[in-house]
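Letters A, B, C and D mark the chains as written, and numbering starts fresh at 1 in each.
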Amino acid sequence: MDDFYRELIIDRYKNPQFRGVLDPADISFEDDNPLCGDHIHIDLRVGEDGIVREARFDGKGCAISQASADLLMEKIIGMHLDEVKQISKQDILDMLGIELGPVRLKCALLSLKVLKAGVYGLGEATDDLVEDE
Amino acid sequence: MDDFYRELIIDRYKNPQFRGVLDPADISFEDDNPLCGDHIHIDLRVGEDGIVREARFDGKGCAISQASADLLMEKIIGMHLDEVKQISKQDILDMLGIELGPVRLKCALLSLKVLKAGVYGLGEATDDLVEDE
Amino acid sequence: MANHILTTTLDVKKIREDFPVLGRQVRPGVPLIYLDSTATSQKPTSVIETMDRFYRNSNANIHRGIHVLAEEATAAYEEAREKVRRFLNAPSSRQVIFTRNTTEAINLVAYSWGLSQLKSGDIVLLTEMEHHSNLVPWYLLAERLGLRLEYVSVSDEGLLDVADFERKLELKPKLFAFTHMSNVVGTINPAKEMIAKAHQVGAITLLDGAQSVPHFRVDVRDLDVDFLAFSGHKMCGPTGIGVLYGKKDLLEQMPPFLGGGDMIKRVTLGSFKPNELPYKFEAGTPAIAEAIGLGAAIDYLSRIGMDAIAQHEHALVSYALDRLAEIPNLRIFGPSADKKGGVVSFVMDGVHAHDIAQVLDQSGVAIRAGHHCAMPLHEKFQIPATARASFYLYNTFDEIDHLVNAIYRVKDLFGV
Amino acid sequence: MANHILTTTLDVKKIREDFPVLGRQVRPGVPLIYLDSTATSQKPTSVIETMDRFYRNSNANIHRGIHVLAEEATAAYEEAREKVRRFLNAPSSRQVIFTRNTTEAINLVAYSWGLSQLKSGDIVLLTEMEHHSNLVPWYLLAERLGLRLEYVSVSDEGLLDVADFERKLELKPKLFAFTHMSNVVGTINPAKEMIAKAHQVGAITLLDGAQSVPHFRVDVRDLDVDFLAFSGHKMCGPTGIGVLYGKKDLLEQMPPFLGGGDMIKRVTLGSFKPNELPYKFEAGTPAIAEAIGLGAAIDYLSRIGMDAIAQHEHALVSYALDRLAEIPNLRIFGPSADKKGGVVSFVMDGVHAHDIAQVLDQSGVAIRAGHHCAMPLHEKFQIPATARASFYLYNTFDEIDHLVNAIYRVKDLFGV
């Protein structure tokens, strides 16, 4: 049990470091996981060079979705948008350091889905964005 | 095999005794078994006293449906219409003297169904007419 | 722990032996505690073996075949229909239509009865506690026809508001479609009285029996209900099979829904004549083995006895409500045990329902977390998700103790 | 008996051991000779046991569950979808929608694509050799929308008339829906060429693969077909499961068909947002165990090899046609062996098809008699019913000899 809820996840869930809102922001996007009501909003500030300068998430949901969003924001600060587009499902799993079943995977990947939809400038966040097909 | 196709059935199929048309007739009705294309037409002449005076069938189909129609015509001549209404599924099976699966049962009962729909003056022949529910 | 009277007339130990999966360890040393029967029930050996035997001995397509296998398969399939008829006390097995599940059964009514009988401006009355299966078909129909949908409101306690129901009936709905038992709060609605009242204003009634038929005696003649829908997989039967029961005159008037083999009497190029009931509504090769499996499930449940099952579940849920009430920071939804079936939904301050379920799973306790396909009810309660434990004939008081202990572990882990 | 080259690359003796029912005696001393696979195929042990294992070990409802069983069930269900994708060479498993059977898959297209894309006066092109499943859904739709239905005519030999097809295409049909292989005369239609021609006039194409997918390699990308429908029960899989494959852009544009759980993203009182593919079209609890069983069937067929299966069936049907041609007063329908799959339909002067089937059954030979859900084709041939023997991977040349001998017994009995 404690394996699963690694200290990192509980810690980031209870004490997130990148929770917040950026106003103004260069890129904003939000979506939810309809299966559980998880909701994630993401704001990015991006330099002219395409490098992410600041990143914040807001939302509510389970420990996995919120911790994963917090860790993801940390990860992308300093990245080029083109690199952000390359972040894969596996990167998120490595970041969390746990194994996940298909349902919790959706929780873990929600922030990445929202992030990618925002970065690509899409109208809607779809699962395709985070599947390694 | 020969059990099943009792001599009686093959005989009545090949040499029916009540095949034909009555014109005019007091009661006429026809229907088919949609599952196999069997078709039965029945004509009756009925006295003022409600007794069946003459009965003929016409149609085409399998040995069971045609033999059963032929035997049924023979059976009802001389019967009162009220008695005809009482003829049951089991009566037909007894008359044929064989056991039948659910599909062939429909073949065997087609003539009774047509007969009853005609006698009751119904617009349509339904399976309810020949089920012992 | 309070002093509880833990009584049941079921020999649960023996019943558990009928369900192979209940002997499973989900991880080495961690036995399964299955508290998710509202989502789907487990299956007894007799059901599994009945289908197995069918495939090994009698498998054939039905209705049109003359050979021995086809006759055996047809007889077994129709015998299953008769078992359903008897289980529901329905007048005729012609009124028993096999579908995939509750959802398809309700859609069948929406497409066939609804599209042909309803028109713009007509009112369909639902409730706020419906499963999506008894909402979305009506949304789709409302969009197509311009219907007006109304909802009987649900109290904070999780009961239908009787006064609101009577007010809504004054609108003269053409259809009142409602759940017999909520899959979230467990409320058992007084279906018989509600159906009678709906009939008084001329409404047709549809009862979602997904959670009632598996758990207590449902008598369609006593209820006088017009349509009843339920699923095999929630009542010890296989997946892929459900039932629509309907009153004969309604079913007879209804146009076909799906077109294809078996539902026709005659087909020419450009026209067809529909078959008689129930075949009119069973297009194509049906779920033959699954219908036969459902028949075996009904045999199994009938052998145990639906009243005994209901009593057992009532004892379990009473105990569960008492034990859960001891836990600080737990909010339990739904009415008291006397008004509900074996379902308990709850939330915990500071821990999302998904996390509760995940941590419980580590202890082998299988519950469900989410909106349970009843988003509007969750919206009403202003929560995105609940954790839900649900019980069936094979659950024990012991398992509820395990549930409670596991919930304490969640609290420890999250420090709440 | 003519001199036949009886060759096959299949080890049929070994294959037969995989199918428990083939060891059965239908009556004491009378072994089963199953020649009715076109109606439904038999099931290998691996398929039966896969479903059995699922119910004994991992049974749970899918998608929404967090516990171990739900995760295992979800993974197995989605893995089955991936197996179907690979089997069809479809681009994405999102394009694989599970239905009950071929019939429901075609109805899904008629209700969802048809109702939203077609309008009064539009032409739907079918053929005279269609199964009722690919006729009646279009009749129902035509009635609702005022469509015009046209039919590619069938020659006396049982082939589609190419010139008539090209003439009908000039009418610019919006949809061309046709069978890949006739379930009566066995004709294999040149689907790839016909689809290309239909696309040239802008038609959407739907292929009824009920008889093709089980019997030879069907590659949706190579065919470039827009929709493909087929049934699990005809390809060694269980009843209660079928598939609709569709091109992604079409499926994405299409509105939902059945409403309920799982096919939604979000529901409020009065509105909903549909889920992504393929879930948009899978309302309610799906046939979970059956999808997994279909996956096992695909594994089984793939292990044997679809090309080897097709070759074997071709050898069987060639032999059967030769042997049946020897019998006086037998009229055989359909083209020569090189243009067809493993199906032979025939009539006998003076003996109804039902009686043939019945007498054959006494010898353990299971064939089908009737219109085989293709009344219009029978009308065309001006016969009410045919007797049909059909073959699959587990049939032998020996069994065909038994069939022929049994037919001679029918002739004796009826004196024809």
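Simple rule for what comes next: a contact is a pair of C-beta atoms (placed from the backbone, for glycine too) under 8 Å apart; a residue touches a chain by one contact, two chains touch by 3 or more.
Nothing here was measured: the structure is a model prediction, and the numbers come from that model.
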{"item": "CA centroid of subunit B to CA centroid of subunit C, Å", "value": "45"}
{"item": "Averaged-CA centre spacing for the pair subunit C and subunit A, given as whole angstrom", "value": "37"}
{"item": "Between subunit D and subunit C, distance of the C-alpha-averaged centres to the nearest whole Å", "value": "32"}
{"item": "For subunit A, residues that touch 2 or more chains besides their own", "value": "35, 104"}
{"item": "Subunit C: positions in contact with at least two other chains", "value": "64-66, 68, 70, 264, 266, 354, 358, 369-370"}
{"item": "Category of the chain touch graph - line, ring, star, complete, other", "value": "other"}
{"item": "Which pairs of chains touch, using the document's own definition", "value": "A-C, A-D, B-C, B-D, C-D"}
{"item": "Contact set on subunit C toward subunit B in their complex", "value": "63-66, 68, 70-71, 74-75, 78, 92, 264-266, 273, 275-276"}
{"item": "Touching residues on subunit B, where the partner in the complex is subunit D", "value": "1-2, 4-5, 10, 14, 35-39, 60-64, 104, 107"}
{"item": "Subunit C partner contacts - residues on subunit B that touch it in the complex", "value": "32, 34-35, 101-104, 126-127, 133"}
{"item": "List of subunit C residues in touch with subunit D within their complex", "value": "20-21, 24, 26-27, 32, 34, 36, 39-40, 42-43, 47-48, 51-52, 55-61, 64-70, 100-104, 106-107, 110-111, 128, 131-133, 135-140, 149, 151, 231, 233, 238-241, 256, 258-264, 266-272, 283-290, 354, 357-358, 360-361, 365-370, 372-373, 375-376, 379"}
{"item": "Subunit A-touching residues of subunit C, taken from the complex the two chains share", "value": "351-355, 358-359, 362-363, 369-371, 378, 383-385, 409, 413-415"}
